[in-house]
């Protein structure tokens, strides 16, 4: 093969031609997304369906969703390096790759979303430390750096780079320092995952999103951290399964996936319980203020079904499926549970941003619906295609799955 | 703020003179003519696109007149026009902060404790729109387009107000430039205080029905001081705790109910166009 | 934002927020640089031939 010298030893990869064609095909949606991004930068945000009623739309909802899904990186890192669950070393590399993609995507989308991208650095230079968004920006930026450092030893383990003593030694020492780096990642992640919850929770002018809380943090702060910890591992499992499907082979042992699924099941159950308590508490809060709860669910498409869908179908059901050993060990059911869990979190992020803005606050205000246009969709999906290319490159040239050789001897 | 503190215009608090500029809008007088909107757009160099004139979601208004109805059928039908500038919220109690100010990640908006005016610094704003999400009154608007005016109109722009670039948020400033001008005048005349008639917003002056009254809410010599205390006075969404500095008065009970209560509580059945 | 920025305020919010941020960045910086130094040290002293498997 043309690139066989770069492929890790003892593993089989498809032909370079096949790989190249797939990468080329993926470049088509990448190109469309890039054109959409350039339209936004060049012609301003009038290219989208965002408006004065919906300053936040698909982009922010997707951003919050992506970061929650990418939470698998920090949480798996925490379990592997801080709690020291050794088995997870077989999936933590992949969790890091997925994390890098998710966090790069989140920052990329934000760079398109802001009206004056050239002034993006103001958030760091003229920081308002009381704003939840500031906390998000600082922590995401810093955590992305942590993820890059975590990804670095993987890069250095490429066969050709690993031949040289300095990168090899550097990678070794980075592995040694990983508990410290992972701990920093956990510290940063807890804050930015929480702050994303705080973004909506502090909006006391938006009763649908507003929550009381602890000190400066609304309850959504803690719910977002927990939900990211609960669904992140599910997303890691899901992407691993998709990779296995395309690679047509097992890459991670069932027992490893089982550990993540079990932990995710426990956390999702806890999250759903707390979410129910939070929702009931919020019912009480708005009722106390004199608003009938039903008024918040009176505007289609945001009816009661949204709450049922989020908490029961995409919350409690995957939680139970993941908690139960029998269902957890059945692969199709496990995948279904992961899909439901991830969808539930993305839906929660949509609800906390878009639905929160859609609900009229002034009594004489009219409900307006919002749906994203192709520019928003193309830019939001852009990281998906770029991510696929990064995964393909990483899988092909880097020893991401330590169990691959053992599971697929040839 | 205790009345005993007042000494003429404004009052002393700490080292500086503290004002709380605000408005009282008499909804019984408002005819919905829109003169306040036009005056505001002309005064504050608000750009407009012909294509967006009917699109209230992308056309920017600093002052917007809502038409609300009691939802009754003839002969019980009644309508009311409700002009809505920025409320210049002060926040109080548990929410001791302006909703849009604390959320801004780059300190591009500020609550001025000397005037009570919420400012917007266009060159600092980078367009994250978090403040828009925070404002329950839809006061804050975003420049979706590059600012453009019909040919020749650029010649008539107000030199005291900077036009905004695309990609930033803007909002009603209570014609702050007029306060600056009035202060300059007072300074040149060796005065420290600005008189009530020296600082009036464009919408106040443009209203042919005299529905809008503007002044220092804490100054007993200003008209707004008494007007805000009338039994028919109310504020929009008072229950949220935003503590707005724009008051409305109406003798019609349904109007008061429609405007100052929480979502859906008593306002249900009220429609707007 | 740095403590010498004109907008900096000496209050608990700024100390806690920026302190936490610089603490995390500093930790990361030290960890990475420690690894770089160790790698260079290995190369200079031992030829770096000791670490082959991870």
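Order of writing sets the chain letters: A, B and C. Residues in each chain are counted from 1.
By definition in this document, a residue touches a chain if its C-beta (ideal position, glycine included) is under 8 Å from a C-beta of that chain, and two chains touch if they have at least 3 such contacts.
These numbers come from a predicted model, not from an experiment.
**Student:** Write down the chain pair with more C-beta contact pairs when A-C is set against A-B.
**Tutor:** More C-beta contacts join the chains of A-B.
**Student:** So which chain ends up in the middle if you average the CA atoms?
**Tutor:** Central chain is A.
**Student:** Quick check: how many Å separate the C-alpha centres of chain B and chain C?
**Tutor:** Chain B and chain C have C-alpha centres separated by 48 Å.
**Student:** Using the average of all C-alpha atoms in each chain as its centre, how far is it in Å between chain A and chain C?
**Tutor:** Using C-alpha averages as centres, the distance is 26 Å.
**Student:** Could you please state the distance in Å, as a whole number, between where the Cα atoms of chain A are centred and where those of chain B are centred?
**Tutor:** Comparing mean C-alpha positions, chain B is 40 Å from chain A.
**Student:** For chain C, which residues are shared contacts with two or more other chains?
**Tutor:** If we look for residues of chain C contacting two or more partner chains, we find 7.
**Student:** On chain B, where are the residues touching two or more other chains?
**Tutor:** Only 107 qualify.
**Student:** For chain A, give me the residues that contact two or more of the other chains.
**Tutor:** Those would be 126-127, 130, 134.
**Student:** How about chain B: which of its residues touch chain A in the complex?
**Tutor:** Residue positions touching the partner: 56-58, 60, 66, 68, 82, 95, 99-100, 102-108, 124-130, 132-138, 140-146, 165-169, 236-237, 239-242, 258-259, 261-268, 270-272.
**Student:** Considering only the defined contacts, which chain A positions touch chain B in the complex?
**Tutor:** Going through chain A, the ones touching chain B are 44-46, 50-56, 113-117, 119-120, 122-123, 126-128, 130-134, 137, 199, 202-207, 286, 289-292, 295-296, 298, 353, 356-357, 359-366, 368.
**Student:** For a test of understanding, state which residues of chain A touch chain C in their complex under the given definition.
**Tutor:** 124-127, 129-130, 134-135, 138-139, 142, 145-146, 149, 153, 157, 165-177, 180-181, 184, 187-188, 191
**Student:** Under the definition above, what is the set of chain C residues touching chain A in their complex?
**Tutor:** Those residues of chain C that touch chain A are 1, 5, 7, 13-14, 17-18, 20-21, 24-25, 27-28, 31-32, 34-36, 38-40, 42-43, 47-52, 54.
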